[in-house]
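In the two assemblies presented below, subunit A is common to both, partnered first by subunit B and then by subunit C.
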Partner chain A sequence: MLFNSIEFLIFFPVVTLLYYLLPHKFRWFHLLAASCFFYMFFVPVYILILFFTIIIDYYAGIWIENSEGAVRKRYLMASIIANIGILCVFKYYNFFLDNMVFLFQSLNIPIASEHIPYLSILLPIGLSFHTFQAMSYTIEVYRGNQKAERHFGIYALYVMFYPQLVAGPIERPQNVLHQFHEEHTFKSSNLLAGLRLMLWGFFKKLVIADRIAVYVDAIYDHPDQFGWHNILLAIILFAVQIYCDFSGYSDIALGSAKTMGFDLMKNFDRPFISTNISDFWRRWHISLSSWFNDYLHTPICIAWRDYGQYAIIFGLLVTFFISGLWHGAAWTFIGYGVVHGVALTFEVLTKKTRKKVIKKFNKALYDRLSMLLTFTFLCLSWVIFRADSMSDIGTIYHQLFSFNTTAFQSLVMNSNMVEFGATSFAIAAVMILFMWVVESKVSYSLYELNDRPVADIILSSALLICILSLGVFNHNSFIYFQF
Partner chain B sequence: MNYLARILVVLFVSGISCQGIFWLLDSHLQQYNVHKKERLDEIILGHSSFDILLLGSSKTHTGINPYYIDSITGHSSYNLGIEGGRVNEFKIIWDVYLQHHPKPKMLVLSANLFELDLRRGFFNHTQYFPYLENSIISQGLDAYGHRTDVYKTLPFLRMSDYDDYTRNNALKGMMHQTEIQAGDFQYKGFLSNGENTIREPLALPPKEDARISVGSVDLLKGIIERCQKDSIQVILVYLPEYDHRLQNNTPNAAEVLAVLKEVSDKYKIKFFRHDQLELCKRPDLFANAGHLNREGSVVYSKYLATVIKSELSK
Partner chain C sequence: MEKNEVLALVNEVFIDALDNEDIKLTEATTANDVEEWDSLSHIQLIVAVEKKFKIRFTSGEIHGFKNVGDMCDAIIAKLG
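Up next, the complex of A and B:
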């Protein structure tokens, strides 16, 4: 079920109301059933895949806790292999075959395409998020930071909780599991804060992201048919689109959980004010970057600590290669990860030099230039992320840096290729400015507005009015649903 | 203030504000859509009698002037062409028209490349919002995910179905502009299409197949069957296009044309291929590859009138 659908408009209040009406002992079942219903709106049978991993990880957690020494590690490895194995089959199997075919063809080894055993199935929605959240549980139990959950239903709910089921935040058991055991009494302050955050998410998704998507999609679909200035605008707008789309989703997830008294971890923290790429990854998709830091990068650095800086660099490159692969089974995503890994390596290697430069510069000016440079890098790297193929990446960069002008000269246009006229552009520009101002003035969670009734009424009413009068209600899926 | 009371205040303030914004936008949209309103009033609410109906997309709407049809055939005609219309919208317009109007003698039904592609629903659904009380209109919109029951109860929610094109038109209405451009005119459902002519090289969208959506052929058949049941003569017409540019840009054009021919054969109705007329080689008669300009519509309407006259006399 999409958050931006009529079905969710009915689902959300019914589930929230029933949650508070039911006695505490039945609530886990209610939320689990609701989450299954939410997930089964996509492809119902795929829920069996999730439950397969749930059963494995549930027992793995208990067995890890009950055993000692090398056996613990074996249980952990079995759980990780099962999770990664399922992800590989559903997400990477066809990609692997494609690359094998390409390799054979490059070596002039004949291969009949009809004999290649491709899987003709869709990737179960949110499988990468689900897998990582499940793995964080068994790893934390193994590390002794989390007690194994004995209640099967509560454990299932930990990985199935509908607000963050399909696109995160990728939670840690220490943060969430105990909340399912606690009895949440109705607090109107939670309801108010949650609804406000949901409004904010819907505003970013429906008013900004889905409006901009019209322009971005048209350009990325046929990059060879547009001039460099169209490409440049599309590249910048995609940065805004992906932020509003993904952080909008996270806000709706956090908000809907908050209405029932659950606190999920924040996933974004104004990423466009980052002054370098390390800073960016502390502000962007925080739950994923911290997952990679906790479970991959840091362990690599510790294991190879004797190699000093080389261990950090190796860890970064491996982590970001896998991070790219996590996003999708395509060389474009891997390329996106590698580019960020290389950029972070550059930052590690130039850390001392940059510190010296900062001392000679005006700090404020240096920060602003850094922000601009970081944003430019992000925009250019998102070309690799967004482009449909490696050849499209080449086309886009070529069109951009050769200052190529083609038949389409107008920056914004209403044509049979792009329906994004001056009105769309003006609305998008004003709304982006509005978002920037609000996020600058009010803390990320917007919770503090509970204590400022006038500001709250003005902001919430403005958001609702903007959504209803300027929203793009074409039920566009969220970008990160594909992962 | 109590938190729950605050939520109610937000809902109340937003609801009132949205209703105000809706009234403002809607009234100016009506002012801008002066032509659409006049013709939809006639089609949906009117009772006038016409002998010849011209049903199709924007190619019909801006390409066939009833003035020439009337004067050459001696019969009264009306243009039912709908901007961006597809066969699903044709069916609704035709059913709505027959609700209140006397049966005509003939239907000139447009049969072009892209009219069987139903993927996008209605091109300009908001033009029907003032007519939601009509059950055919509301059911037609509901079939494409528009919540007409909700819109009747809470009119301001219609704004959630606006796109920026509609919002832009409402803004133009506020500036006292209308959809009838300077120098253009409307006549019995027809809207003239300016004086632009084709200049080479002609910009076309990327090559793409014309989709034949599931059920689209049945809708076309449904229109013809209803006509035959009511003894209304039907002819299918592929309207002029410049130098076959759209067909050349559509890899499966031959397949679509074969389907249309098959339908005409099945119901024993004539299918006129007016893309093969001499006038289709004249860039001065076209505004773009698919649409005649003002001068082109005069030349073509006169020709079509002779065809209609000949068919009516059989």
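Up next, the complex of A and C:
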């Protein structure tokens, strides 16, 4: 089920209301049943994949806790292999075959295409998110930071809790498992803070992201037909789009959980004020970047720490290669990851030099320039992420850097749903500015109530009016649903 | 070795490794309290501490450190 669908408009209040009406002992079952229903709106049979990994990880957790030494590690490995195995089959198998075919063709080895055993299946939604969340559980039990969960239903709910099931935040067992055991009494502050955060998420998704998507999609569909002005604008707008789309999703997830008294981890922290790429990854998709840091990069660095800086660099390149691959089974995503890995390597190697340079500069000016440079890098790297193919990436960079205007088309474009003309531009610009001010410049938390009821009422009413009057309701899926 | 002695030596290591004279560690200090202490410098700090005390932590010990106090406890245990 999509958050921006009519079904969710009914699902959400019913589930929240029933949650509070039911006695505590039935609530886990209610949330689990609701989450199954939410998931089965996509491809119902795929819920069996979830059950398969839930059963394996549930028992793996208990067995890890009850055993010692090498046996513990064996159970952990079994759990990780099961989760990664599922990911490989459903997400990467066809990509692997494509690359093998390409390799054979490059070597002039003939292959009959009808003999290639492709799987004709849709990618199960949210697979990369919930398998990572499940692995986090068994790893934390192995490390002794989390007690194995004995209640099967609660463990299943940890993986399946509908707000974060299909696109995160990728939670940690220490943060959420205990919350499912605790009794949440109704608090109007939770309901109001949750609803306001949901409105904020819907605003970012429906009013900003889906509006500028019309322009961005038109350019990325035919990059060869547009001049550099259009391409430059699309590149910048895509940065805003992907932020509003994904952080909007996270806000709706956090908000809907909050209405029932659950606190999920913050996934974004004003990423566009980052002054370097390391800073960016502490502010962008925090639940994934901290996952990779805790479970992949740090273990690599610890194991190979005798090699000093080389271990850190090797760890970064491996981590970001895999992080790129996590996003999707395509070389464009891998390219996106590698570019970031290389940028971070540069930052590690120049850390001391940069520290000396900062001392000679005006700090405020240095920070502003760093922000601009970081944002430019991010925009250019998202070209690799967003482009439909490797050749499109070349076309876009070529059009941009050759300042080609011969292919210039009008900025006004039509799509099936929305005309993206001067009015749309103006609305998008004002709304982006409004978002920027609220998120960055005002001492007003969007995550908790601030004891400022007048400000809350004005903001919530304004958001509701904006969503209803300016929202783009064409049920665009969220960008991160594909992962 | 007493815990406050260990803490003082660890403090020296942090000052050298992070190139910041103002660092004043307590047992409760975590990475959130020291600006330069991020996931990348974390490993460099671990290596520097190991060199200083001529010890070797296990991966499990390193993953288990919640704050500077935990690290000092592990150092004392290693030194016997």
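Details
Throughout what follows, the second predicted complex is superposed on the first by the 460 of 483 C-alpha atoms of A that agree within 3 Å, B and C clash if a C-alpha of one lies under 4 Å from a C-alpha of the other, contacts with A are read in each partner's own complex, and residues count from 1 in each chain.
Assume a contact is a pair of C-beta atoms (placed from the backbone, for glycine too) under 8 Å apart; a residue touches a chain by one contact, two chains touch by 3 or more.
Since we're looking at a predicted model, the values are computed, not measured.
Once the two complexes are laid over each other on the shared chain, residue contacts for A:188 go to subunit B alone; subunit C is not touched. By the document's definition of touching, neither partner reaches A:340: not subunit B, not subunit C. By the touch criterion stated above, A:464 is placed in contact with subunit B alone, subunit C being left untouched. Residue contacts after overlaying the shared chain place A:6 against subunit B, while subunit C stays out of touching range. In the superposition on chain A, A:456 makes contact with subunit B only, while subunit C stays out of contact range.
Those residues of subunit A that touch subunit B in the complex are listed here as 6, 188-189, 191-192, 195, 211, 222, 225, 407-408, 414, 416-417, 419-424, 427, 450, 453, 456-457, 460-461, 464-465, 468-473.
By the touch criterion given at the top, residues 143-145, 278, 282, 293, 297-299, 301-303, 305-306, 308-309, 311-312, 348, 352, 355 of subunit A touch subunit C in their complex. Listing the residues of subunit C that touch subunit A in their complex gives 19, 38-40, 42-44, 46-47, 59-60, 62-64.
Contact residues of subunit B toward subunit A in the complex are 1-4, 6-7, 9-11, 13-14, 17-18, 21-22, 25, 147, 156-157, 159-165, 167-168, 171, 201, 203, 205-206.
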